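Paired with subunit B in one complex and with subunit C in the other, subunit A is shared by the two complexes that follow.
Entry: the complex of A and B
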């Protein structure tokens, strides 16, 4: 080909579109964008919750994407109304300003009148309520008390109940599953199915009869004049017993998991001289890592976020997180700032647990997924 | 397996035996609790001398802080009686009652959130207050001791209250009203004026940024069933309470051409069709939509009871703190009605505060009676009246300068010579609902079917044009036919 013909040839056509590498890059970018959008959507409720926990109830009806500017508590506010809206106990206010508890703070008394009557500098009152607009929710939650208990005590009880309930439920379910996994005959399967039947019974339906049984055994109520520690201990024990009684779901999971373990394994362990306990402890238990993690993932939030039973079984001063939060809800007056703060604060421990043990959860779930 | 091992069969057998044993143990006679104290006549004037006790006392959820302070004061005067103040709301009422059914026994309770109305079907759940030593019967401005018993022909009373019944008045944000260029206190003298005012206000709100509604209305089954249905007809000559009572007592028909309740439905239908109130009103939440909008200064006015005046103050709403809330009596007279009537529900004789039966058998019965007496004493009544901002129908030792904003702005001057509302009259006679109460069948839906929120569906159908006012009245009549029996006149 001469140089002249070369010059006459049209240039090779440019490739239209992207090459394989380019397409991959584009897909990666799209995937990244989708994931980012999904992340934002997932995290937005937490963000909204965070912002709302600093928004006064007065402005609860408005949309806020950031913490609004604080407003000062007016000296013309009436103490009764302040108390209603901000869950303030007048006894605490009296303590804060050195007013004797034998004095009665009439609901319609304004802060200015309180200052005048008890010779309190107005600035002292203003200082006390400084930041009230923005931080009332967190302040009440972290330092105040509702119905004789604090957020921290309620959180402690919740964690105690959750840890004990989960541990016992898993142990009991493993043993129940171990017992039930050997059943093969039709009549034996009937027992198994009866056991699982309770999964379809709503907790609400048996709330009252169940409560009566516990009342019968433990005499939870009436009894608010009985020694607190014993009664409160029995109330907490009731919740734990409810959580661990007939854990049908976990039993079903463990029964299925244990049934999948070859019988020969137990026989060979037995030939090697292992007792039943040793078989369970050293052979079966390590094989149950996946169902144990699954049960924790399923039951942890259920127990942690339990409302109905603790509300019914526990004294308000001996309560757990959700009923504690609920106690800030009025008939028509609700301190939304406190509610949002409390919900956010109550979610955090759960998120922390999941973040800390994420590796185990993922491992557990993946182990189940790739099992042949 | 060696013989020390537990077979699955043995494991199950032992488990079953354990379960049976525990169940049988549960069926055995329970250990006796502490012996109840003998029912004694507690001296009411001074605190019984006994070991310190704790009493659980329910509070009105709306005014829990002031009520807590009232009991704080009681405790400071009576250190041997500790009071646990608690309150419930509509969401937790069922759980509270489950707890009570299981044996929990608060000392003093309130029917409000549980929506208990004492009648022949349930009166025995409460202590007969006529039989306990109570010092203050003669303080009431009505026959509180006998009214309920006389009406129901049952031993009682079972509950106690001293307030004038709830009063629903128009309540508005005066700053916004001024911006709208309206002065209802000057311009609204008749029912037609009211409607013109609503129309003008709605027009203004529609073209004004930042204002959601002029007349802000949402749904509340109890308010529509008990208050609005009673109040609205009072604007009309043929809607007065005696005529309403006739319907309830079987002397007239709810669905007659001249039914007083025709005005109730017609008003809301007209307000809906003309765009005076928010569309789909029956789907709006009372607190979350209506009250919150008013408190945030985004809507102008509501037909409401006393507590949102306080809520706006409590929330620190600028207009409320600047004393820019005002109001006017609910029902200016329509043509042919000579007098501007203001509905007040009659004093509560079948609900409110009660002592649940069983308390008389507790070791702390004396203290309960003592606390009960104090709660209704001339010392506590002014505290409670100020807390709720409501008028006590009770003879006090000293005149009460009631500070509640609804009272100060509207109620105070009703019927007062020289006052803003000197020509307005309270209607606080017996409502038909209460008069017919003894004859209502247990479990029936009642005329308005408000307990199960059935009235919501009626309004939904009426305001969307699926039924007419006449058909809504027919439903009311049908409900009445099914719900009442044994009325003397029927």
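Entry: the complex of A and C
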């Protein structure tokens, strides 16, 4: 050890030339460059996703770094080809131009012939197809319906589950923390050790028996119960129950925070005649802002981005955002423009929330990591 | 006389302690009542599934609605050595999973540790933290589709860009065995970079400043400081990152679905996909559960061991 340090002591003269201040500045510059490169690499996939949601499948084999100009639609194009290019159904095209569905449009008819035959202005036809060039993905996603549900309904269910789960999880976790902080150390550790198992049990391991348990209580399988409000409600309820069952982290954070509150506070509250429920609601809750924010920023992405459980538990017509997108992919497996639009649409809400409240996220995550 | 007084006083004391213990007991009961709602839910949904699963492992239950369930003894367990169809499913998936776990564990250090050290040396930067943590807001499913978008053979944006810049000659193909094996951990590591960075950074921040200053005064260079001062003191952080990565990578699912593991891309069929398929698609429920238990129970035991080790080091 001493030999090693002594060997280090006389540093090579050339390195000395920089001096400590110079070396620190060099380190700073290198660190900044690394940060910059990493930032670009991190943001690039998001940018590429944004651009690709506007690039039609036909043009996907070329590199686009910005939304491509819509190509001029030639009036000599054949209707059938356009349908394939823009992933449009012939019935949809007929509807858009007011052509009766009973009319038979040959796939090889050119647009000019269509315009002449049905007396439609050429510009209207051009505008229609150009609109589908850039915005095909977004239009199909936001206006279409799939397996009896729409994008907006799926998004609504996701938000519903997220809000209810977060609220209930926080309330129940505060109860757990309050109860645990009053127990003896031995009992506290007993409960806490059982909660710790949650961190090492992967969802995949208990997925199948967990589903079986819900099956006993709720009878979720097709055939046991007709599709209806009750069945759909129970399905959503099972997802919420999985989300609010409590984690090692929430238990730990709230127990630590509530143990730190002086016991005298509760004694004085009870002397003033407050019940333990009133104590929790009016005195403890306002003191727990920091751990609550911490739990929200950690659990929000997990619940919003949940895929496995909704994919298993929910009917296709009653599904949340991510399984909805997955089923859209199965349906339109060639329309990548739609797929990327859907992915971007699913990512965007949370990213916006994250950027708006980034201060809370950074603080909450660091607080959680120190506990974890 | 004094004797009776003492006896009386003792009686009074006994009385008050009994009263206190009644109050105390009532308080403890109330505490348990507060714990109970979440705890019973937790036990029902996390611990009870193990108990429910045990009898099923010894039957031939094919699906959740199987009307005829017959006991088969240990056949599900021995199938791993005797049944070629199970072997053909399980062992390639196990191999792919192990490759993924190793590569993914590497990315924990490439992304998480490097970024944490960088942040530690130049001081905490909220803006950069925001960027690094951003991918964690993206669902696993979206990360999988982003991988497809960037590295499809013909249409991948990254492929097209790298070829335009002349950095690669032949495009990377995400559906090839090597492509799946390398790109998946890369993207998963990218996604969890912020999480791992937070773990390592909190480990670094918990090191007492005196030890770092002392090592600088003693003339330790950066490399020596890293190995002799930082790493030994942030051992709990290493163990936590290891536990999370190990459990997380064995259970990776969403990303694989996005890469077509359920239907078109056999290279993305890892163990979790296999359990899912057995349970919900090909009517081999009991077999799937058995494989899951065989695979995961050693992992859970290892995880518990790592957790105890971490806590012993921390306190």
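Assume the second predicted complex is superposed on the first by the 223 of 372 C-alpha atoms of A that agree within 3 Å, B and C clash if a C-alpha of one lies under 4 Å from a C-alpha of the other, contacts with A are read in each partner's own complex, and residues count from 1 in each chain.
Please note the rule applied: contacts are C-beta pairs under 8 Å (C-beta built on N, C-alpha and C of every residue); 3 or more make two chains touch, one makes a residue touch a chain.
Everything quoted here is computed from the prediction, not taken from an experiment.
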{"item": "Partner chain in contact with A:358 - subunit B first, subunit C second, else both or neither", "value": "second"}
{"item": "Touching partner for A:102 - first (subunit B), second (subunit C), both, neither", "value": "first"}
{"item": "Subunit B versus subunit C as contact partner of A:124, first or second or both or neither", "value": "neither"}
{"item": "Touched partner set for A:230, first subunit B, second subunit C, both or neither", "value": "neither"}
{"item": "Touched partner set for A:167, first subunit B, second subunit C, both or neither", "value": "neither"}
{"item": "Contacts of A:58 with subunit B and subunit C, given as first, second, both or neither", "value": "first"}
{"item": "Contacts of A:73 with subunit B and subunit C, given as first, second, both or neither", "value": "first"}
{"item": "Dominant toucher of subunit A (residue count), subunit B or subunit C", "value": "C"}
{"item": "Partner chain in contact with A:212 - subunit B first, subunit C second, else both or neither", "value": "both"}
{"item": "First (subunit B), second (subunit C), both or neither touched by A:268", "value": "neither"}
{"item": "Touching both subunit B and subunit C, residues of subunit A", "value": "60-62, 175-176, 178-180, 182-183, 191, 207-208, 211-213, 215, 221, 276, 308, 311-312, 326, 329-330"}
{"item": "Partner subunit C, residues of subunit A touching it in the complex", "value": "4-5, 8-9, 27-28, 31-32, 34-35, 38-39, 42-43, 45-46, 48-49, 51-52, 60-65, 172-173, 175-176, 178-180, 182-183, 191, 194-213, 215, 221, 223, 241-242, 244-246, 276, 301, 304-305, 307-308, 311-312, 322, 325-326, 329-330, 336, 339-340, 343, 346-347, 350-351, 354-355, 358-359, 361-362, 365-366, 368-370, 372"}
{"item": "Subunit B-touching residues of subunit A, taken from the complex the two chains share", "value": "56-62, 71, 73-74, 76-78, 80-91, 101-102, 104-108, 133, 147-148, 175-176, 178-183, 191, 207-208, 211-217, 219-222, 224-225, 270, 275-276, 308, 311-312, 316-317, 326, 329-334"}
{"item": "Contact set on subunit B toward subunit A in their complex", "value": "1-2, 4-6, 8-9, 11-12, 15, 26, 30, 33, 53-54, 56, 61-66, 68-70, 72-73, 76-77, 84, 86-87, 89-92, 95, 98-99, 101-105, 112-113, 286-288, 291-293, 295-296, 298, 307-308, 310-311, 313-317, 321, 362-364, 383, 386-387, 389, 403-404"}
{"item": "Contacting residues of subunit C [partner subunit A, same complex]", "value": "27-28, 30-39, 41-50, 52-53, 56, 64-65, 115, 118, 121-122, 125-126, 128-142, 145-146, 149-150, 154-155, 157-158, 160-161, 164, 190, 194-195, 198-199, 201-202, 205-206, 218-221, 224, 240, 243-244, 247-248, 250-251, 253-254, 257-258, 263, 272, 275-276, 279-280, 285, 288-289, 292-293, 296, 299-300, 303-304, 307"}
